[in-house]
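Shown next, in structure tokens, is the structure this report addresses.
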Amino acid sequence: MKRRSIAALLLVTVVAAAVAATTSGATKKANASSITVWLQTDAQSGWADLVASVNQKFQSDHPGTTVNVQYQSWGDHLQKFDATLAGGGGPDVIEMGNTEMTKYMAAGAFADLSSAKGSFDNSANWLKGLAASGVYKNKTYGVPYYAGSRVVTYRSDLFKKAGISKLPTSTAAYAADAQKLMAKSGKKGFSPVYIAGTDWYFAMGFVFDYGGGIAAQISGKWKGLLTTPKSIAGLTAYKNFFATASRASKTTDESHPNPYDVYAQGQAASMIGPSWYTCCVGAKYKGSTSQFVMPGHVAGTSMPGFLGGSDLAVPITSNNKALATDWLKDFTSTSSEKTLQAKGNIPNATNLLGNSINERAASRSWFVPTAKHWVDVENGNILRNMLAQILTGKLSVKQAAQSASDNIASVLNQP
Amino acid sequence: MSEGTSTATAAGTFPLTSRRRRRLWGRVAVPYALIAPVVITIALILGYPLYYLVRLSLQQYGLFELIRHKGIGVGLANYRSVLHDQIFWHTLVRTIVFTAANVVLTMVLGLLVALLLVRVSRPVRLLLSSSLVLVWSMPVVVAVQVWYWMTNFENGVVNYVLTQLHLGSFEQHDWYASTFSQLSMVTLLIVWGALPFVAITLYAALAQVPNDLLEAASVDGAGAWMKFRDITLPILRPILLILTSLSIIWDFGVFTQPYLLIGQSKVTPGNFLMSIYLFEEGYFKSDYGRGAAISLLMLAIVGVLSIVYVRRMVRIGVET
Amino acid sequence: MKSRRLGWDALGIAVFVVMVFPVFWMISTAFKPNDQIVSLTPTWLPLHPTLDHFTDAIHRPYFWTDVKNSLIIVCVTVALSIALAFLAAIALARFGFAGRKLFVVLVIGIQMLPQAGLIIPLYVVLARYHQVNTLTGVILTYMTFVLPFSVWTLRGFLLGIPKELEEAAMVDGSTRVGVFLKILLPLMGPGLVATSVFAFITTWNEYIFARILLNDQSKQTVTVWLSYFYGTSRHTDWGALMAASTLTAVPVVVFFLLVQRRIAFGLTQGAVRG
């Protein structure tokens, strides 16, 4: 009798497992009746209505096909993407950060959109920096979605109190203004210009302002450029500017703490970051906050700003590439881009650029080397460590640049 | 069917009649039936992944290969590359020290809190155990964020309180400046988060200590420490061994707290822990073959580290 | 006697304060208006408490749906896991059988695997069974994580129960099942409860597998729902995040308060007196 009950138990367990395995709980298999789109939560909180209207238009143009938008987090969307590349069930359209693109393009993760490029609105005028992030070996895999640059957000009341009547038009003028602001305030830990020491997005702007660079590919091999005289000049200029203007930690990054939190506490007269920083300056200072474009070392020019942004791509594993491309056309259409622009982003084409502070800052921009292993340089914090060493004085500018440059070259030249 | 006594026939033979055979099989099969559901569930879900992991560790398998679902067999090359990596060895030593510190602190403090729970009055017990559960139920990401806030050098409350208590000037003290300091903060966070489980489990185990034994010992004149050592501790031993082995396993492989608290921008080979090393090598660099090799190496290492406890555990079960 | 009890109580309260402070900070932040959250000098108690963050959190899309999903997943996982683990623990603690050592190695070995390495292989397997984006897929995954330590922990509790008790009951004429119901189960009460609480909390707070396996927001768990508060590249709304986190902690605390008496009850049976 016991044997029978054991057998029964085993049978029940196996059957239960089989039932669980076969009751396909609606894994939305990609078929002609729906496409899956992965956008970041920025879209959900920023322009969900745009997404909805694009979906509506798409659905009316393609009756019977629904759009299933799934919002992802920046922290783990690539892990999820990798899992779907391995096991299937991935999206038909995916939003990628522009620095994330090259690695995946080199691995053949995306469908070639070169032939469809002409049918995207304004493709002839796509922003150079953004478009370049979607091109690999002369084939287009990514469609520029939107971009953002960096601007100076400042307290107009503090500037007025310090006697600054005109906004600075050169880095030197800004440094002089910083001294005035420091003299007027003098609070402990107060920064006339709050910049985190290892904010390489800002610091590298100096390098490009002086005509230097990070790395370049010469006859197939990557060579570090941080040791060239122009780059050294840029890094030295950053070191001097930081010493005058910022009391932030020399070794932490730009989210520990968030510059806008420091600003909201009244501990900074200005800060440098994306234009959306105005969201969080606190009710007390909202009225006296304005923005201007960071000036370069040559009077009247702007400092090259890091062009952050996103591209949209069609994974190679998609079963609905044609439909996905159509959706992309709708989502990056002129009217869509204008809506994104109204929400404070930089649209993807030069002919759409307006005169907002964000867009003016993008007139001079720089971008990271489009190398397969660039993400390893970022993840390895090579530039951050270099800046920390320079600012703390642990190494001289030349030494720190040498070590970083060698490091970068060896990482980028990996097979 | 009654459980009849065995009817031995002449000279110790035990004829296996069909009925007796069925009963014998029945008795023998019971433990297998009891463990079958667990074995089947685990085999169903983890069987293939384990095989996949081993196979991956023997292949060159990056993003390129992932997309094409095809790797290149390279034998033990991944293992060789990891074992020749200086960073691997430094990280290993650092992680072992880190694990030891965490486990000792967790177990000692957990036991103390459990003993405390027994001795306090009922309302305080409810308060204390509820606070333990609250701590336990906080999502890790949120706990890390709150800890970071509390300890950040700009306006952290810890610096503020320490300065107010005149324990020295802690204004703008950066608790994340050195590796030792960073890992100490991580240790405090992990011990704080792990205490509830240990304390509550030990509190439950203390319930199994027979009251009459303790009272008898009191009557005989035994002091608190003797009672603890001779009566309580032996009964707690299995659970203590289990909790210690579990703590070793978990603290060796902990990832979220160190990675988020130190921050992605400050994580360097100089302050790697094994799980972060795995994450950087396997995921960030998309070298899945190497990542699999590191995973299996970690498995082997943790096995070795906890073998003493595990063996003792297994032996206890056999003795009774 | 009374003064000693007071001494312990004072210590208990001190430990309470130290342990609960970060939780208190989270909850008080949830009630603070935004400017107090980032102020330079810490505000201990919110001067003008606001419920805005809570209403904001509750009104985020799919909150109640995701809570429901979490409850289903966690309750099924815990119930099944504790039941199956208890059976297996009995086998380990009370029987000698061939392959027993192998089973122990399996149980411990599973826990030693770093979870990060399992993400992609597990996804591939579940995709093959069509269990991606299903609650059952997540339940099965969680069970494989919960079963090993549950078996391990329950075995430990079982070993603490002297075999003599069972043998005495059998001599008195009780059947095996009777022993199980009248001796084993009551004494195991605290152990079962402690293990269930652990299983409940671990699965309730689990994030990465839920994130990878569940695609539709209508199927996700509450930890994934929480991630939408900080997954953006823009500014994180800390007040809302703290309020949301406080809300997600509620079911766990409720569950514990419901079962904690079981532990206390067991304790009065054989408590240590100071």
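Each chain carries a letter (A, B and C) given by its place in the written order, and its residues are counted from 1.
Convention: a residue touches a chain if its C-beta (ideal position, glycine included) is under 8 Å from a C-beta of that chain, and two chains touch if they have at least 3 such contacts.
The structure displayed is predicted, hence computed values, not measured ones.
A.B. asks: Higher C-beta contact count, B-C or A-B?
C.D. replies: B-C
A.B. asks: Taking CA centroids for every chain, report which one is farthest away from subunit B.
C.D. replies: So the farthest one, by centre of C-alpha atoms, is A.
A.B. asks: If you average the CA atoms of subunit A and of subunit B, how many Å lie between those two points?
C.D. replies: Centre separation, subunit A to subunit B: 37 Å.
A.B. asks: Roughly how far is subunit B from subunit C, going centre to centre by Cα mean, in whole Å?
C.D. replies: Each chain's C-alpha centroid was found; their separation is 14 Å.
A.B. asks: Quick check on subunit C: which residues sit in contact with 2+ other chains?
C.D. replies: Residues 39-40, 120, 124, 126, 140, 227, 230.
A.B. asks: Listing for subunit B: what residues touch at least two other chains?
C.D. replies: Only 30, 32, 37, 41, 44, 66, 155, 283 qualify.
A.B. asks: Of all the residues in subunit A, which ones touch at least 2 other chains?
C.D. replies: Those would be 79, 82, 86, 265, 267.
A.B. asks: What does subunit C use to touch subunit A in their complex?
C.D. replies: Residues 34-35, 38-40, 119-120, 123-124, 126-137, 140, 208, 211-212, 215-217, 227-228, 230-235 of subunit C touch subunit A in their complex.
A.B. asks: List the residues on subunit B that touch subunit C in their complex, please.
C.D. replies: Checking each residue of subunit B against subunit C gives 28, 30-32, 34-35, 37-39, 41-42, 44-46, 48-50, 52-53, 56, 66, 113, 115-121, 124-143, 145-147, 149-150, 155, 157, 160, 192, 195, 197, 200-201, 203-211, 214-215, 224, 227, 232, 235-236, 238-239, 241-242, 245-246, 249-250, 253, 255, 274-275, 278-279, 282-283, 288, 291-292, 294-295, 298-299, 302-303, 306, 310, 313-314, 316-318, 320.
A.B. asks: Enumerate the contact residues on subunit C facing subunit B in the complex.
C.D. replies: 5, 8-9, 11-13, 15-16, 19-23, 25-26, 29, 39-42, 84-85, 87-88, 90-93, 95-97, 100-101, 103-104, 106-118, 120-122, 124-126, 140-141, 143-144, 147-149, 151-153, 155-157, 159-161, 163, 187, 190-191, 193-195, 197-198, 201, 204-205, 207, 223, 226-227, 230, 238, 241-242, 245, 248-249, 252-253, 256-257, 260, 263-264, 266-267, 269-274
A.B. asks: List the residues on subunit A that touch subunit C in their complex, please.
C.D. replies: Residue list for subunit A touching subunit C: 20-28, 36, 40-42, 44-46, 68, 70-76, 79-80, 82-84, 86-89, 258, 260-261, 264-267, 276-277, 279-280, 282-284.
A.B. asks: Provide the residue numbers of subunit A that touch subunit B in the complex, in ascending order.
C.D. replies: 1-3, 5-6, 9-10, 13-14, 17, 79, 82, 85-86, 103-104, 106-109, 189, 198, 249, 251-253, 255-257, 262, 265, 267, 316-317, 375-376, 379-381, 384-385
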